[in-house]
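Both complexes shown next keep subunit A, but they swap its partner, so subunit B is in the first and subunit C is in the second.
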Partner chain A sequence: MDDLAPPSKYVTLVSGDGFEFVVLREAAMVSPIIKGMLDPRSQFVEAQHARCVFQEMSGTVLDKVVEYFHYWYRYKDSEDVPDMDIPVELCLELLAAADYLGLDQ
Partner chain B sequence: MISGRGGAGARGRIRPPRRIVRSQAAGEGADFDACWNMIKEALYDIHNKSCGRLSFEELYRAAYKIVLKKKGEVLYERVKEFEEQWFAEHAIPKIEVLVTKSLINMSVDASSSASVSERRQTGENFLKGLRDTWEDHNMSMNMTADILMYLDRGYTQQEPRRVPIFATTIALFRDHILRSCLNANSDRSIGDILISVMLDQIDMERRGDVIDRNLIRSNTRMLSCLYETEDESENNKLYVTTFEPRFLANSEVFYARECERLLRESDASTWLRHTETRLREETDRCGTTIELETLPKVTKVVEEKLILGHLNDFLAMEGSGLRWMIDNDKIHDLSILYRLIARVDDEKTALRDILQKRVVELGLEIENVLKNTDFSTVQGDGEDGGEGEKGKTLNPAAQQTAAAIKWVDDVLRLKDKFDYMLQECFQGDLVLQAALTKSFAEFINLFNRSSEYVSLFIDDNLKRGIRGKTEAEVDAIVEKSIVLIRYLQDKDLFQTYYQRHLGRRLLHGKSESHDVEKQIISRMKQELGQQFTTKFEGMFRDLVTSAELTSTYRDHVRKLDPEDHTIDLNVNVLTTNYWPSEVMGRSAQSGDSSKAGCTWPAEVKKLQASFEQFYLTNRNGRKLTWIGTTGSADIKCVFPAIEGKSGPLARERRYDLNVPTYGMVVLSLFNDLKDGESLSFEDIQAKTSLSTADLTRALMAIAVAPKSRVLAKDPPTKNVKPGDRFSFNASFQSKTIRIKAPIINAVSKAENKEERKATEDKNNQTRSYIIDAAIVRIMKARKEVSHSQLISEVLSVLAGRFKPDVPMIKRRIEDLIVREYLERPDEEGAPSMYRYLA
Partner chain C sequence: MSEEPPSSPRLPAFTVQSRKRSHVSPQSLRFNSSDPAIFSSDDDPGLDNYVEGRRKKRYVGSWFQQQLDSVDSSFDNGAGRVSTVPAKRSLKRDLDSGIFLGSDTTDGEDFIEGLEAPAMPRLPQIAPRTMPRLSQPEIVARQKIQDCVDRGNEMVDLWGVGLEELSDDIVNRLGQVTSIPVVAKDVAFAPPPPNLQVFLALNKLSRLPGSLCDITNLTVLSLRSNELTELPSAISKLTNLTELNLSHNKLRYLPSQILELVKPGAKLRDLSVAFNPLWRPQRPDSCTTDDAGEERERRSHKSSWVSMQRDKRHYMVHWLGQSPLQVSNSNGRILSEFCLPSMDEAPELLEAQVPVAAYIDEESGAPVYVSPQASAGLRKGEATPSSVPSLTELALRSCYRSSYLRDLDLLIPEGLSHLRKLLQRTSLQKDMGGVTCSTCRKTIVVPLLEWVEWRELLKCSFPLRDAEEPPRARIFTDEELVVPLVYRACSWRCGPKDKKQE
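For the complex of A and B:
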């Protein structure tokens, strides 16, 4: 509830099967959904603890999502970006996750 | 706002595959209800600010599922319904309480009976209530929209008629509060009242009260967040459509009234400061109280009402208007004035016109003061002096010179004043600079002696003024002189005067520094062109060659006869065209043929012959004329011891005497005279054949000037007249060995009326030749030209040198026709044509 405390630098993302990923807050903010969750003014549970639980996302998928966050964060201002490796078997699930997280904008 | 809405449209998205969701057994309907109930509970919590136990992810997932099940429309409607209901039950009543009767009355008539503090209190309460409700609503709607983000992504964006859920719910505030009246006794909407209250508060601040700026800011922010319609374009902001126009209209009335009041009750200085303060206030207000985007508009209102409204009335105010500011060097006032006028008028017409007028007025005033001063000084001299005739004849000339210098000094001071003003107050504005230059040129040229006075000023400075000054100071004087010359219109007249003064300076060795002389001339060359300075440069060249000539001649003489060094000759050979005609003895009007010069003493004649011979060996076909008026001679004089006297008079005294050349000629006459004999003025004139004027000057130097009175005069007055008798002053004594007799005509004095007329006549004569040449040149090129075209071309060709008057050009044309350079073709229909005759 305290508006004055600066938001933590890292946030924790938790998969449905219990894997926890500690992610740079700025990187995770690429998803408008996560941004909304963690907005310090909207006192939801996630914002209070800097911890988002994704009940319906498996650790494998979230792992790839987190990888993407950092991939995006690292290359956001550069050119000649190398391709990110996506395992074929995860494609469908990753698409769904991307849609869920609003990563198409 | 918490996050951006809308965003990328529904471009070809890949639909996610229908997921196998849990609790399939419950069926789709049950699943929807479960999800909706969860969301509904959450909405209550959000409104009650108790969402700390809610998980965003769960709520988002619930909305996500609903949308995936194609129930987006139902969700949208349900949320809308919920919010409308909540709004009606919780938000509207809070506002209703605030809309009291007094508030409505107050907003209808700001000057109602209620006291200011009462009004402010009521207004603030109302604004506070509105702000709190708005902030709650805004916060809740943002959070709602956040958790329903997938609704917009998955449903709203696919429906062209739907606007994002946030736009729909936030607009409730506009529809149900701002656009309704909420009070049975009034038909004024809340929005209307809100604006009235805000304007009332702003007016209170303008009158000097303290108001809660943040409160008003919150309300303008609200109006900025709401739009007239759901499509939310920038121009449709309620702030722009409702508040701003009324604010501007209100400001207009306020400032128009204020301007009237200032005009009635205050002076221009107060007005300036007040206006500037007001502008600052409005800028401040746009930054803190209302929205920044209004700044250019409200500034314009202030400019139009407060500055332009009665600009001319304020500028014309007696005792505080622009004229007064200029006269009293009100730098600060003028700076403000410039800043204000520069805002509203690029040309600064009002300021410029008065400024120009004042410059000319002050310029003419200098002239008037000069006339009066002159007069009184001369009178004053007459009173306390009364030293006989000499005082009266010499003083006016000296006074004239002093007047010339005073005039130039005053003009320069005026120029400094306005230059300073231009830099300090007008930020070196180019328009004003040009205007000032024009005005200076105008009044300087209105004064018919300006050319002469400027030249006299330079003359005075070069003779005395620059002594002991640093290079920078001298540079400043040179620069000032050039500035003045630039203003002069009749540059040819100035040229004549300058030539004359320069000639005197050079020949009499009066010039303080040849370097500075050359500096001025090279600056003139830059400004006015080669042609203007050829003569001046020629004069310098003459002096240099003459110095060489003198030394080679000296060598030559020594070679011829090493024993003979009776007279040491120093010659200046002057080229006729470069030097002023007065110096060259060409002043034709002097009746007693000064050209004949004088009868030189035998020794001098011998010398002249020797030099002429030397000079002409190398230069064939030249003619040398000896001019005695400007030279001087060093002579050794021996005064005998006088018996019966004590002190220096008892001894023989030898002096080195420096006298004008003619003085030497006169003195040499007395060599042959026996003691006690005397010569009359006429005797001397007959023997020397000097003109009366030249002789008078020579005798003044050696018989009147107190320190070099080697001739005694009878009667011993201060003036030399025909009929006076002169004798050798045997009892002459002096403390110094070297004595310099004053050169009577060496002072460059202002001309008297006749002299000036002569100069002008001569100048007109020269001008007519120049005009002739210009006309012929033009006609030669054009063959046939109409009268008006010819005149205008002549004017433009000659603009750099002087401004000829049109009648004069006409006379020259007539003259050229008579002399058959031009003719008027007889063809009909072309009465004003001229044709060139080859």
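For the complex of A and C:
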């Protein structure tokens, strides 16, 4: 049944403290973990509702992660890529988040 | 008499006083019946003393040492009986005696002596990193540098001191060495041109700090007979170098940025990398072996060049070949089938061989690619070419900018030890002066692509035109000046350029 219905164009990412981010599905697919969670062929709850909850991430961290998703989506085919600024105080949390989401390529 | 309350003490027995004066013993004076003198300061401020008229004191002692008077106290129930006998006084100074003795000097020392050192802090503290102590060679080196600073001598001779590491202290002192400007009539008082010469030969240095490359007035740097395994890529900042001696070290490769020092117009005249276990190209099967006779002829030819005009020689750089690409992700895991020989795995293996993906054909002088897809030896589906840096890389660059980079790895929880290693690697790179992309010169932490290019550095005495000197395209000679250069790139866009297009 789920296969017949086209998946929504947007997915919702929820942080541990309750912030919800609505992201383009294509942009979020940069993370292999999210891609696996949202695979429509899987029977995960996340895939059925297009909603992923990350208990470990705070809203500020997930905000930066979502910003990266769109940064990647915006520039993935372009030649000239500007730098994305990451504040130093977030660097360790983002490093752990990037490791968790498999964003190492 | 009957009006007296029953609690009052009995009257002493009435005795007839004799009119004669009796002997008054001192003993009887002590037990006189009158109340002791009462001072306002001794009074207990409690209300008990004022209600129901005057009653007997319940407390004795001075205001800071009040005790219950046990004789007639309503609180006295036997168990909590407080002894009124004062403790025996000892001859020690009470800090809070309230008595100030006039004296000329401040008696602060006495107070400090009496104070106890604060106990251990209750909150957990990060254990302080042990500060490196100054080793004996370092003391000698400091002394020598100080002598040069004092005398304005720009030739710093640290031959065979036994230095194992160049500390920041040493490097800072080296930066202070300047010559004393000439003071004479009709001569402009100007700082003399930089001419700092540092001889660090015959030491035990295993790596160079990146801060050494900030001393841009270095002109001669001799690192002969050390134990260097890597040269910082920041060496390209030493644009005033005329002599760089790196022979008798453990270098496997040079950073590609060293080409900045030998490009036309640069000042470097003498680069020596002999007797290093440099990576050698592993010849593809199609490549013919070198003819020894021709080789010798060419060598003699070249030496004649050098002798022609020693002072005007410079370097010509020829591209000779290139290795396949090593592709890694931001965690430092290598994704490609080809990987560069590791330093740690085989330190005893001298002159490791690196396979070749492209080389210059001897007859035609055109580059030959061993396989069409040699530049991308990727496993299928592992990496997608994109110019966008990964989030891990971006976060690492942000860590790199932090001034607490050295301590950041202590904050990583136990389960993420690979991130801790990554941060330690980042910290080490920062000490070495950082890694920059060979193409766009951006500071990067983990390069996506790494490859080796072999270049031949030819010394020649005059600018050669192409007609005079066809590219001496000879791959893989035993020349000491065929150097492997490691290129690092931040993204696929900064990857190796196609030699056919050049």
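Note that the second predicted complex is superposed on the first by the 104 of 105 C-alpha atoms of A that agree within 3 Å, B and C clash if a C-alpha of one lies under 4 Å from a C-alpha of the other, contacts with A are read in each partner's own complex, and residues count from 1 in each chain.
Please note the rule applied: a contact is a pair of C-beta atoms (placed from the backbone, for glycine too) under 8 Å apart; a residue touches a chain by one contact, two chains touch by 3 or more.
Fair warning: this is a prediction, and the values are worked out from it, not measured in the lab.
Enquirer: Looking at A:19 after the superposition, I want to know if it touches subunit B, subunit C, both of them or none. Which is it: first, second, both, neither?
Expert: Neither partner.
Enquirer: If we overlay the two complexes on their shared chain A, which of subunit B and subunit C does A:65 touch? Say first, second, both or neither.
Expert: Once the two structures are laid over each other on A, A:65 reaches subunit C alone.
Enquirer: In the overlaid three-chain picture, which partner chain does A:35 touch, first (subunit B) or second (subunit C), both, or neither?
Expert: first
Enquirer: Is A:10 touching the first partner subunit B, the second partner subunit C, both, or neither of them?
Expert: After superposition on chain A, A:10 lies in contact with neither partner.
Enquirer: Which partner does A:88 contact after superposing on A: first (subunit B), second (subunit C), both, neither?
Expert: second
Enquirer: If we overlay the two complexes on their shared chain A, which of subunit B and subunit C does A:76 touch? Say first, second, both or neither.
Expert: A:76 contacts subunit C only, not subunit B.
Enquirer: Quick check for you: in the superposed arrangement, does A:103 touch first (subunit B), second (subunit C), both or neither?
Expert: In the superposed model, A:103 contacts subunit C only, not subunit B.
Enquirer: Looking at subunit A, which of its residues have contacts with both subunit B and subunit C?
Expert: Correct list for subunit A: 92, 95-96, 99, 104-105.
Enquirer: Spell out the part of subunit C that touches subunit A in their complex, as residue ranges.
Expert: 329-331, 333, 383-384, 386-399, 401-402, 408, 411-412, 416, 418-419, 422-423, 491, 493
Enquirer: Inside the complex, what are the residues of subunit B that reach subunit A?
Expert: Per the stated touch rule, the residues are 2-4, 7-8, 13-14, 16-17, 19, 51-58, 60-61, 64, 139, 142-143, 146-147, 149-150, 153.
Enquirer: Which residues of subunit A touch subunit C in their complex?
Expert: Going through subunit A, the ones touching subunit C are 65, 68, 71-72, 75-79, 81, 84, 86-88, 90-92, 94-99, 101, 103-105.
Enquirer: Tell me, which parts of subunit A touch subunit B in their complex?
Expert: 1, 32-33, 35-37, 39, 41-48, 52-56, 92, 95-96, 99-100, 102, 104-105
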